[in-house]
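You will see two complexes here that share chain A, one where it goes with chain B and one where it goes with chain C.
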Partner chain A sequence: MNAVQRVAISTSAVALVLAIWQLSGSLHWIDPLLLPPPSEVLRTTVDLLTNGYRQVSLWQHIWISVLRASVAFVAAIVVGIPVGLAMGLSPLVSAVLEPFVQFLRPLPKIALIPLTVVWFGIDEGSKFFLIFISCFLSVIVSAAAAAAMVSKNRLRAAQTLGANRYQLFTRVVFPNALPEIFTGVRLSIGIGWTSLIAAELVAANSGLGWMVMNAGTYLRTDVVMLGILLLGGIGYLFDLALVLLQRTLVPWAGRDT
Partner chain B sequence: MNQLVQLPPRVRLEGINKSFGSGKQSATVVLDDISLQLEQGELVCLLGPSGCGKSTILNLIAGFEHADSGTVLLDGKPVNKPGPERGVVFQQPTLFPWLSVLDNVTFGPRMAGVKASRYLPEAERYLKLVGLQDFQRHMPWQLSGGMRQRVALARAWLPNPEILLMDEPFGALDAQTRLMMQELLTNVWQTTGTTILFITHDVDEALLLADRVLVMSARPGRIRAEFSIPFPRSRDIEALVADSGYGVLKQKILHIVREEARKSMAGTAP
Partner chain C sequence: MTIQNFLKKCAALAALTLGVAHISAVYAEDIPSEVRFAWAGGPRVWVLGQIDKSFDKAFGTNVRWIPFATGADVLSLFAAKEIDIARFGSSPAVAGITRKLPIEIIGIPEVIATSERLIGRKSKNINSIKDIEGKTVAYPPNSTAQYALELAIKVNHLDKSKIRLVGLKPADQVAAWKRGDIDAAYVWGPFTQQFEADGGHEIFVTKQLQKDGFLIYNNFVVRKEFADKYPQLVVKFLRTYQQKVDEYKKDPDGSAQLIAKHLDIPFESARSVLSGLEYPSNIEQLSPAYLGNGATTPNSGIAKAAKDTANFLAETGDVRKSDIPDSFAAAINTSYLKQAVSK
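And then the complex of A and B:
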């Protein structure tokens, strides 16, 4: 299967599902309240674009969610990569931090909401923290694994060419770890984006996560559906941006010789 | 005419013992009282069955590992860590995939902070010697296995090391490519005069390349026999196999190698 065939098949599959979904509403197979058809979601989109949802425009909801997530992502990456690399390179740092990381990482972040509110209040601080913490822990783990993965002979080759300890890190360990770090960051951003809903459960009055939760309580399933489509679509765009960045910045990824 | 003044040896190993693992039962003696020396400009092949400790000897000279007892001297000075005066070519090219061919080759001088104007002409000379002058901007993954190993060769050679250590560098290549690489190696070696320790388990390879062949015993590794290879340079594989002395010498060496390989098999049999 070549790339064109693949895209064609994927597009047809999506079109087919959309068509069945639409028919299920048009022919009243399913109550539109339970599953609003695409045509209704489209009408809601137009409505929300002009009138907003709960006094806030749809663009504003999208923007605030993307902003919250992006700030937390950047912070998690900037802090997480050096900490992870340090853990991967130093058995001491690893021994100190490992228990905390391994305890916190699988912890459902929703469980942290009450404490987060007590610590950071109900403003942006608590939302930032919840997205940051889930993304950060995942970045640390992948950066640590990536740093420890460098082959012994590659290090030896650099040593026999006269590289000192600092150069071994900057010229060998770091570029060697970059492809893996990128893959880890992609996973972490997926996890962070998932935490957005949890973050926006915390007394928000705007944002896509909040919009979905709020619309649910009023049985506005059309708005819920729109929110879900937007959350999924934006998550996909984040990942796509990272894939493009990875191809430009680390073209040697997966081509180890 | 022989040299009137005997130059001091480039590398000297004296009474080297090395075991892996600890505890009385689990310790394995890998090298047992190894002594050898490499003269300046000499190409010596170390031949032996797998697991006999030939790579360990190379690792000791490279400074990757340390002997339990005995001394490793380079130009009379003890070796204790890796350094650019001892170049290494591994069985795998171990290139840096994030660097171009030229940047891989010039890695050594760049780490030492040498100016580009000083190392670039030399780098181009070596790339030409290994036939890769038109591939400077290529990335390692765009090259074939043989070409990658030629990059590794140029990279190890550019810092002008006192000795080049080669650990079965052509073992992973197909037969035709290996033959071309062997010719290329001897050509470059004849222009540079670098001392080379070349590890192999291939008797033909040793006979084609070496001034002297050291045959190792099965574990624990000892130097079992030593042969001077009398064939004149430049050697040509076709002329070599037609030489009646070639078959005789090959048979002698092969006999010892096979004997040791059998011992090594018996030692590891369940």
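And then the complex of A and C:
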């Protein structure tokens, strides 16, 4: 299967699902209240683009959510990767941090919502924290695993060639771990984006996650559906951007022999 | 559908095909195997009927009480056909009707008077509703309290852009109040009493909106399919509820004690919520001030209040203007009330 065929098949699959979805509404198989057809979602999109949702324009909802998530992602990556690498390289650091990381990582972050208001109040702090914490822990784990997985033979080879500890890290460990770290970051960002809804449950007045939840309370399933499509689409774009970044920054990924 | 339900249906079907259980099939049409009520878990008069099972006795079948957290859940439960009768706030019910959910308003058990109030912080010099300009005010999203707050802002001609409004669930409001993040909150008991005990005092009550012609109420709403199939059960429901209200009015403190004990909450908070509501009788509800008698329904107080609520929700952007019906009379069914009062 070549690239053109692949795209053609994917496009037809999507078109087919859209067509069935539309038919389900047009032929009244399903009450449009329960599943608004694409035509109604389109109508809602036009409405929200011109009038906004709850006095805030649709672009602003998208922008604020992307901003909240991006800030938290960047912070999680900037803090998480060094901590993870340190854990992967130093048994001492690992022994100290491991219990906390392993306890917090599988914890459902929604359970933290009641505490976030108490700790961080009702401003952006609590939203940042919820996205950050869910992203941060999986960045740490994947960075630690990536650093620990660097082949011992390579390290020994570099040492025989006279590399010092600094050179070992910059020339061997880091380039070897980077492709793994990228994969970990991609997964973490997926998790972080998921927690956007949880984050915007806390005293929000704007954002896509809030829009979906608020529209749900008024049974505006058309707005909910639009929000879901946007959340999914933006998540996809985030991932795509990372794949492109990975190709430029670590072209050696997957060419290991 | 629960497993029991499913099994019952399978059993009924099997019996029917065998042609031996003709009698039980007829019986199943007259009375459902259970009637499902949606309740918020708070201290309300109909809980008396949960304690002594008078609804179960009146129906001759089981009543299942399905809990919900906000009016929004009720709409989803109705859409999924998981409940038959619900008691919840006016604004979510109106939102459901504009979305063409097949439901009907059958009664107005409670008019909100002093049970929902705006509490301001004394240390921030919030002494009247005018003082909330420039301050942070919390409200529970999609609730009657939110609607009351927005109306209070409107009728008092306050500048909404100067007020920072934050949607917070009541328990989160308590946390935000303790941290000093909010200066005022529009909410119900027992939270209002908690704020008053912690440096707050009352600056507005929902009853004050009545003089401006705004009635905020909780309604009994029924799933239309259920009511069409079992009209007599709906009538029995309204009659039994009236008996519970009479019981409460005869002995408010005793009833509050019973309810507080049953729900495991402090007596004082049960009493303050129960006494903060007004209870129009079934006969009063048939007057034009409330639902009207069918002929007067299009111009009745509730039909007008529902329309006001819908227009208001359209203004805030929560419902679509084009979804609002010309009149809410079509969604109000007074025939059950009329049968309930005529013996």
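In this section, the second predicted complex is superposed on the first by the 257 of 257 C-alpha atoms of A that agree within 3 Å, B and C clash if a C-alpha of one lies under 4 Å from a C-alpha of the other, contacts with A are read in each partner's own complex, and residues count from 1 in each chain.
Heads up, the rule we're going with is that contacts are C-beta pairs under 8 Å (C-beta built on N, C-alpha and C of every residue); 3 or more make two chains touch, one makes a residue touch a chain.
Since the model is a prediction, treat every value here as computed from it, not as a measurement.
May I ask you to decide whether A:R171 touches chain B, chain C, both, or neither, giving the answer as first, second, both or neither?
The first partner, chain B, only.
Of the partners chain B and chain C, which touch A:I131 in the superposed model: first, second, both, neither?
neither
Could you tell me if A:R156 is touching chain B, chain C, both of them or neither one (first, second, both, neither)?
first
First (chain B), second (chain C), both or neither: which does A:A69 touch?
Once the two structures are laid over each other on A, A:A69 reaches no partner at all.
Considering only touches as defined above, state whether A:R54 meets chain B (first), chain C (second), both or neither.
Second partner only, chain C.
Jot down the residues of chain A that show up as touching in both complexes, chain B in one and chain C in the other.
Touching chain B in the first complex and chain C in the second, no residue of chain A appears in both lists.
Within their complex, state which residues of chain A touch chain C.
Chain A reaches chain C through residues 33-34, 47, 51-55, 114, 117-118, 121-123, 202-205, 214-220.
Of all residues in chain A, which touch chain B in the complex?
151, 153-154, 156-164, 167, 171-172, 175-176, 178, 250-252, 255-257
Show which residues of chain C lie in contact with chain A when the two form their complex.
Contacts found on chain C: 70-72, 75-76, 79, 92, 95-96, 99-101, 141-142, 165-168, 171-172, 175-176, 178-179, 181-182, 313, 316-320.
Would you pull the chain B residues touching chain A in the complex into a rising list?
Going by the criterion above, the answer is residues 62, 64, 81-84, 86-88, 90, 92-98, 107-108, 111-112, 139-141, 143, 148, 152, 155-156, 159.
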